[in-house]
Amino acid sequence: MKIRPLADRVVIRKAEAEEKTASGIILAGAAKEQPQIAEVVEVGPGGVVDGKEVKMEVAKGDKVIYSKYAGTEVKVEGEEYTILRQSDILAVLE
Amino acid sequence: MKIRPLADRVVIRKAEAEEKTASGIILAGAAKEQPQIAEVVEVGPGGVVDGKEVKMEVAKGDKVIYSKYAGTEVKVEGEEYTILRQSDILAVLE
Amino acid sequence: MKIRPLADRVVIRKAEAEEKTASGIILAGAAKEQPQIAEVVEVGPGGVVDGKEVKMEVAKGDKVIYSKYAGTEVKVEGEEYTILRQSDILAVLE
Amino acid sequence: MKIRPLADRVVIRKAEAEEKTASGIILAGAAKEQPQIAEVVEVGPGGVVDGKEVKMEVAKGDKVIYSKYAGTEVKVEGEEYTILRQSDILAVLE
Amino acid sequence: MKIRPLADRVVIRKAEAEEKTASGIILAGAAKEQPQIAEVVEVGPGGVVDGKEVKMEVAKGDKVIYSKYAGTEVKVEGEEYTILRQSDILAVLE
Amino acid sequence: MKIRPLADRVVIRKAEAEEKTASGIILAGAAKEQPQIAEVVEVGPGGVVDGKEVKMEVAKGDKVIYSKYAGTEVKVEGEEYTILRQSDILAVLE
Amino acid sequence: MKIRPLADRVVIRKAEAEEKTASGIILAGAAKEQPQIAEVVEVGPGGVVDGKEVKMEVAKGDKVIYSKYAGTEVKVEGEEYTILRQSDILAVLE
C-alpha cells in the first residue's frame, strides 16, 4: 500500500535516532516549532494549489529539515509517516 | 436519495474499524487534528471556488486520509457521511 | 412581500421536523457547526462578489444541507427564513 | 445638510416600530448579529473599493435587511442614521 | 510647518463643540467605534497603496464623518490633528 | 558602518527632545500607537515587496511622523536607530 | 554536510559576542521582537514563493540585522544556525 499525497503535500519518514547521531546532526527546538529531520518518501504532483502554481523542489530520498507541528502523522502498515505541505520544509541537507 | 456536493466539496464515508484492521492501517492522532481514513462517495464539480480554479483530483471509491475536524457530519437515510473540501484531503491510499 | 437577496446570498426555509422524519433524513451535529436541512426559497443574482465572480448553483425548491451559524435568521409576515451565502451551502439532496 | 457616503457605503434610517407592525415584519435576532430592517436614504458611488470594483445594487427608498453591528450610527440635525457598507445589506424587501 | 500625509492618508482637525451645536449635528457613539465629525486639512496623493490604486475622494475643507480609533493623533505647533486613511472616512457632510 | 535597509524599509533616528520643543511640535499618544517624530537616515530601494510594487516616497533628511511600535530599534556604533516599513510612516513635516 | 535552504529562506549564523563588541554594535530589544545581528551562511534560490516572485537581495557573508523569533534554530555537525525567510531580514550592515 502506497500513500499518494495530493497537491503540494509531501510524505516524510523521520530519521531514526541512531542515524542522527551517526551524521552528527542535533536539532535545537525553538520556542514555537520543533524542527525535525526526516527523509522524503513520497512527493505530491504540485500544480495549482489555492490558486497559485507550486513547483515541487524536493525529491524522494532527500533529507529535509521541517517544522514538526505543520504536518499530520499517519501510521500505514505499521510504519509512521508525516504528511505536510512543501512550504513547511525549510531546507535540504546535502 | 443522493447527496450532490457543491463546488470543491467531497462526500466521504468513514472506513469501518474491521476494514482498517484487515488492511493493516492504523492512524495516529496529531495534536490539533485527528487524521482519518475514509472512502469517497460523491465528488463535487470543482470549478471556480472563492475566485480560484479548483480541479478535482479524487474520484468515487478512492480511499483517502483526511483531517476529521475540517468537515461536517451528516446522516442521510440512516448512513453517516462527512462533507468536506478537497483541500482537507491529504492523500490517497493505493 | 418578497425577500430579494443581494449578491451571492440565498434565502432558505428550514424543513419541518415531520418532513425530515418522512424522508428519513437525520442530521448529526458536528463540534463547531450544526448542519441543517432546508428548502431554497429565493436565490440572489450572483455576479462579482468581493471582487470574485460567483455563479449561483442552487435553485428555488432545492433541498440543501447548510451550516446553521453562517446565516442570519429573519421573520417576514410570520414566517421564519435564513439568509446565508451560497458558499455556506454544502450540498443539494436529490 | 446632506450625508454623502463614500465608496460602497450606504446611509440607512431604521424603520419605526409602528411601521414594522403595520407591514407585519418581525425580525428574530441571531446569535452573533441582530438583523434589522431599514430604509435606504443615501447610496455611495461604488467604484473601486479596496482594489475591487463594486456596483451599487440598492437605491434610495429601498427597504433592506442588514446586520446591525456592521455600521456606524450618526445623528445629523436631530435624526438618527446608520452608515454601513453595501456588503452588510443582506436583502431588499419588495 | 505643514503636515504632508503619505499615500492615502488624510489630515483632519476635529470640529469644535460650539460649531457642532450650531450646525445641529450630534454624533451617537456605536459599540466599537466612536464616530466623529472633522474638517479635512491635508490630503495625501493617493496612488498605489498596498498594491491597489486609490483615488482620493475628499478635499481640503470637507466636513467628514470618520471612525475615531482608526487614526493617529498628533499636535503640531500647538494645534491637534488626526492622520487617518481615506478608507476610515465614512461620509462627507454637504 | 552603514545600515542598508532592505526592500521598503527605512532607517530613522528620533528627533531629540530639545529640537522638538524648538520646532513647537508636541505629539499626543493615541490609545493603540504612540506617534513619533524622527529624521530619515537611510531609505531602502523599494521595488516588489510581498508581490506588490512599492515606490519610496521619503528621502534622507525628511522629518517624519511614524507609529512607534511598528519598527525595530537597533543601536549601531553607539547611536540608536529604528528600522520600519515605509507604510508605517504617516506623514512628512515640511 | 551543507544546508540548502528552499525558496526565499536564508541560513544565518549569529555573530559571536566578542565580534559584536569589536565592531561596536549593540542591539536594543524592542517590545515584540529581539533584533539580532548575524552572518549569512546560505541563501535559497528565491523564485515564486506563495505565488509571488521573490528576488534574493542578500549574499553569503553579509552581516544582517534580523528579527530573532521569525526563524527556526538548527544545530548541524555541532554548529548552530537559524533558518528564516529573507523578509525577516531588516537590513545589511556595510
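Read from first to last, the chains carry the letters A, B, C, D, E, F and G; within each, the first residue is number 1.
Please note the rule applied: contacts are C-beta pairs under 8 Å (C-beta built on N, C-alpha and C of every residue); 3 or more make two chains touch, one makes a residue touch a chain.
These are the chains along with the protein names UniProt gives them: A, B, C, D, E, F, G = Co-chaperonin GroES.
Quick caveat, the model's predicted, so the values are computed rather than measured.
Of all chains in the assembly, those touching chain D (Co-chaperonin GroES) and also chain F (Co-chaperonin GroES) are E. Averaged Cα coordinates give chain C (Co-chaperonin GroES) a centre that lies 51 Å from the centre of chain F (Co-chaperonin GroES). Between chain B (Co-chaperonin GroES) and chain G (Co-chaperonin GroES) the centroid-to-centroid distance comes to 41 Å (mean Cα coordinates, whole Å). Under the contact definition stated at the top, the residues of chain D (Co-chaperonin GroES) that touch 2 or more other chains are 51. Listing the chains around the ring, anchored at chain E (Co-chaperonin GroES) and oriented toward chain F (Co-chaperonin GroES), produces E, F, G, A, B, C, D.
Listing the residues of chain F (Co-chaperonin GroES) that touch chain G (Co-chaperonin GroES) in their complex gives 1-7, 9, 11, 42, 48, 50-51, 69, 71-78, 80, 83.
Chain C (Co-chaperonin GroES) meets chain B (Co-chaperonin GroES) in the complex at residues 23-33, 35, 51-53, 55, 57-58, 65, 67, 86-87, 89-94.
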